């Protein structure tokens, strides 16, 4: 029996760096994670693409995972960077040696357009590790374009797949096709830009790293109790910020700058070759912060 | 002296087809154009990518242009499909033989990453035709990635360029860099998804084909008189629809289905190989229509 | 009953321009075409990608076709630039008004990964025009990636498809799969770089624009009578030139420069945004010309 | 003072696997490496893209490096898979703990189109490790397109760069531009397909993994003593095989199958998601093996 991932918002955790040294800022990381827990995330996704896992040394990945584990009691999904079987197993083992049974699942990317190849890959990983897998379809990071039918075939043949993270636009279509075909939690990502339609299509929630995670949490909860209109009323005041943040090539830097301005981390440094925050957007950012702050207040006060 | 294009919303006109024959539906087209004029567009962009120009025969292009010209008195920007000099000139001549002095400018795509190549191209076109040019930077259609600095260099050397349409994300950055470098109208496109930040960056307005153009018009007007907050208050209720419509690969079909449901055209057919409207999104579409309808009412009533 | 295209070499005809004006050089074009006929091409492919069809005005396309028709009695395949049904029909009609029954078939690109979409497209074109079609699979020009199985399905359902031009690497695999699946002539292209293996895989010949077409002709003839070793012995002395010519981004300019140096055209101009011949390769070019000249002599003398 | 890498052929070493278990086959690996040394490679490149480094676990990478180090006395360039600074440093440290001073340099990929970003990256790596760097420009693996001018700027500012491996087609142009701009060894790759023109453009040799490395070695030696004609006479009989092997998507599998048939490794298994050898090419492969075997004999006998 498949154990699907809990519905709700899984927070994709950024990795804050100290500006002067570019070392991992564990205080900021702990602070960020506590914020996620406080605002009601059902779990955390660590070492994902937006956690800059591909730019972290092995020791730093362990440090990040250790810090997150200690700072929160939430279940954890650990992102895997590699696209091939043995390096994936390496990463899983390394993560387990740090975070052991705190890890709910490992997020592994679809590494081929061919369902057989992906299935063999995941089964080989599972055979050796016994790990539950979140299957991520994220062509922007993997370079792989796999259709919904192939994804569903993989899920059907892999009982240990506990969720799919669908990030190949148009995600609302992919999620509708997936949820119709297989009984597994499907999450949207991409900064929440398509969340309302992803929920309409049967998504279990969002697994993403928006700078105001409280908005996503409130939106998904509103959906669960009040349906579309309720969810929309919650998310709408945040959509200008969502669209500002989810801009191609600069999304990571914009998000970190927003986290900095919100006081959630102490520096917005990103690791090269990721693009830095473009100062020409400073003015826009300030405006969105003001509106987000008002909207968060309204949320907290129960006004939306 | 450069004559920059009027600020405001230029409506990118869809080409409606009769479902049974796939012929151009001139009645719907006229109706759509009248709607654009009624809601306050400052001009029309015809035969653009979202007008499916690349799928129209030469006669159909003339028919579309003729229909639009007759149905409205707005100034017209005519989209050019070709990427090379002589075919561009061909298209300009064909359009002029139909719409003559109703044409304000021709929209030509950047066809190289090299500013010299683009400059030579535009100058050769202008030398033969005398036409004013809207320079479009739309990598998704052209396959060309040209940076802001090169775009600005082209504009500086071509006095006859009366506007730039910036559709290479992140557009807010590109528009900020362009408006700082050259004194020419710069428009955002992409369904209005980045409009608020494009305005923050100095955009002259939007040149795009959103199914509720009244929202874009009101937003840009609000910006001109009341600044960011006013513009945002207008656009915000429409952002769920904007994000729904502006989905990769299906945006054209979604938009046409919305135009159909709004009663602005009589059939939502698109021409292959463009993707059809995915029926799994019917439910989402219905919800967005309801909310858009309320928001349009509120707009009309002056409540936002 | 399907009438497959004649086996052998179909010469893809370059469009020579006069350097000073960039006008079509009809004398050079006629000369080039006569050369193709003299060296034994079974047919000509005109207005293909390497004929720079996308950079020619409508009048120039007619002029090219007229010139070729008058200069040679070979059957002609006319390349079609558009990817959508009605513009394809436009191009077919325009070509027919010039070259009428001299046209053996029209080469149309696969415009979707979906066999149904391509089939509908070709059938609609054929219904209106009655034309025979050469189906071209050339992702570098079309942006479309369609697999062999889908291509074969299209061919099976379209009796009027008289050939496939397979230019999606690895072409040797695609051609083996296609020739096993459907009974139609399949041609390789890409400058002859894979010709030996394409013949091994069942190719009917080559449809391409190598600067020494006599080598391709002799190679395919040798194959037909003497098999692989004979074909290889003919082509081998030309392979350094083939590989030199078939370089990404500059192949067109290199080929035209070689045609110029061989005295087959009077100027090597290409139309922007195509890249010019890089002068840093002048030395290599001179060396390849010398070796090609020797090899052509040896061919002519019957020494290979 | 820059210490440029030795001119000649650096053999990119494949990683052989045992078919039944997919474990690294150290015997075959040692055998392969001995072959490289025997035929006159000036050095070995280990853990490159064609060594399937991205599919090896950390332990396997160490095992490969250890095996190669023991089987040969040749200088070694170690390929680095990561694109960001700290993971690159991790890989360098891990390799050094195994192969220490046997390592001549580390091959690091250009990770940005921006010369400043690449320079900062390499300098940070060098500051920590003191390592000499071979700068690899391989867009097919890195996804990065950096021009020759930017590459030259990086080299100029990094004295510790001891070579460039130029694998962005057209490589003959890139190598001509690089060798004119900076005084450093520049190597071609890509299976030797462009070797003759790369030598014409000033290349120091080849760094690649062709299944008949003796041909490349003989070609570069012939070039050094006899110039172009001599080099061409050596390589020409192998060009049908070179072009067969260097086919997009299947090059790795074809090469390993050829190494197997030549008796250099015991199994041709590749690790997924790399494509397997397509059996439809078996016949072509057999023919190329026969011709390569004759050509190698002729080489050995001094007949070419």
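Per-chain numbering from 1; labels A, B, C and D assigned in written order.
The definition used in the following text is that a residue touches a chain if its C-beta (ideal position, glycine included) is under 8 Å from a C-beta of that chain, and two chains touch if they have at least 3 such contacts.
In UniProt terms the chains read A, B, C, D = Dihydrodipicolinate synthase.
Treat the numbers as computed from the prediction; the structure is a model and nothing was measured.
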item: Contact-pair overlap exceeding half with A-D, pair selected from C-D, B-C or A-B; value: B-C
item: Distance between chain centroids, defined by C-alpha means - subunit C, subunit D (Å); value: 34
item: Whole-Å gap between the CA centroids of subunit B and subunit D; value: 48
item: Overall pattern in which the protein chains touch one another (line/ring/star/complete/other); value: ring
item: Subunit A-facing residues of subunit D, complex; value: 54-58, 60, 82-87, 89-90, 111-112, 114, 117, 120-121, 143-144, 271-273
item: Subunit B-facing residues of subunit A, complex; value: 169-173, 176-177, 180, 193-194, 196-197, 200-201, 228-229, 232, 235-237, 239-240, 243-244, 247-250, 278, 280-281, 283-284, 287, 291
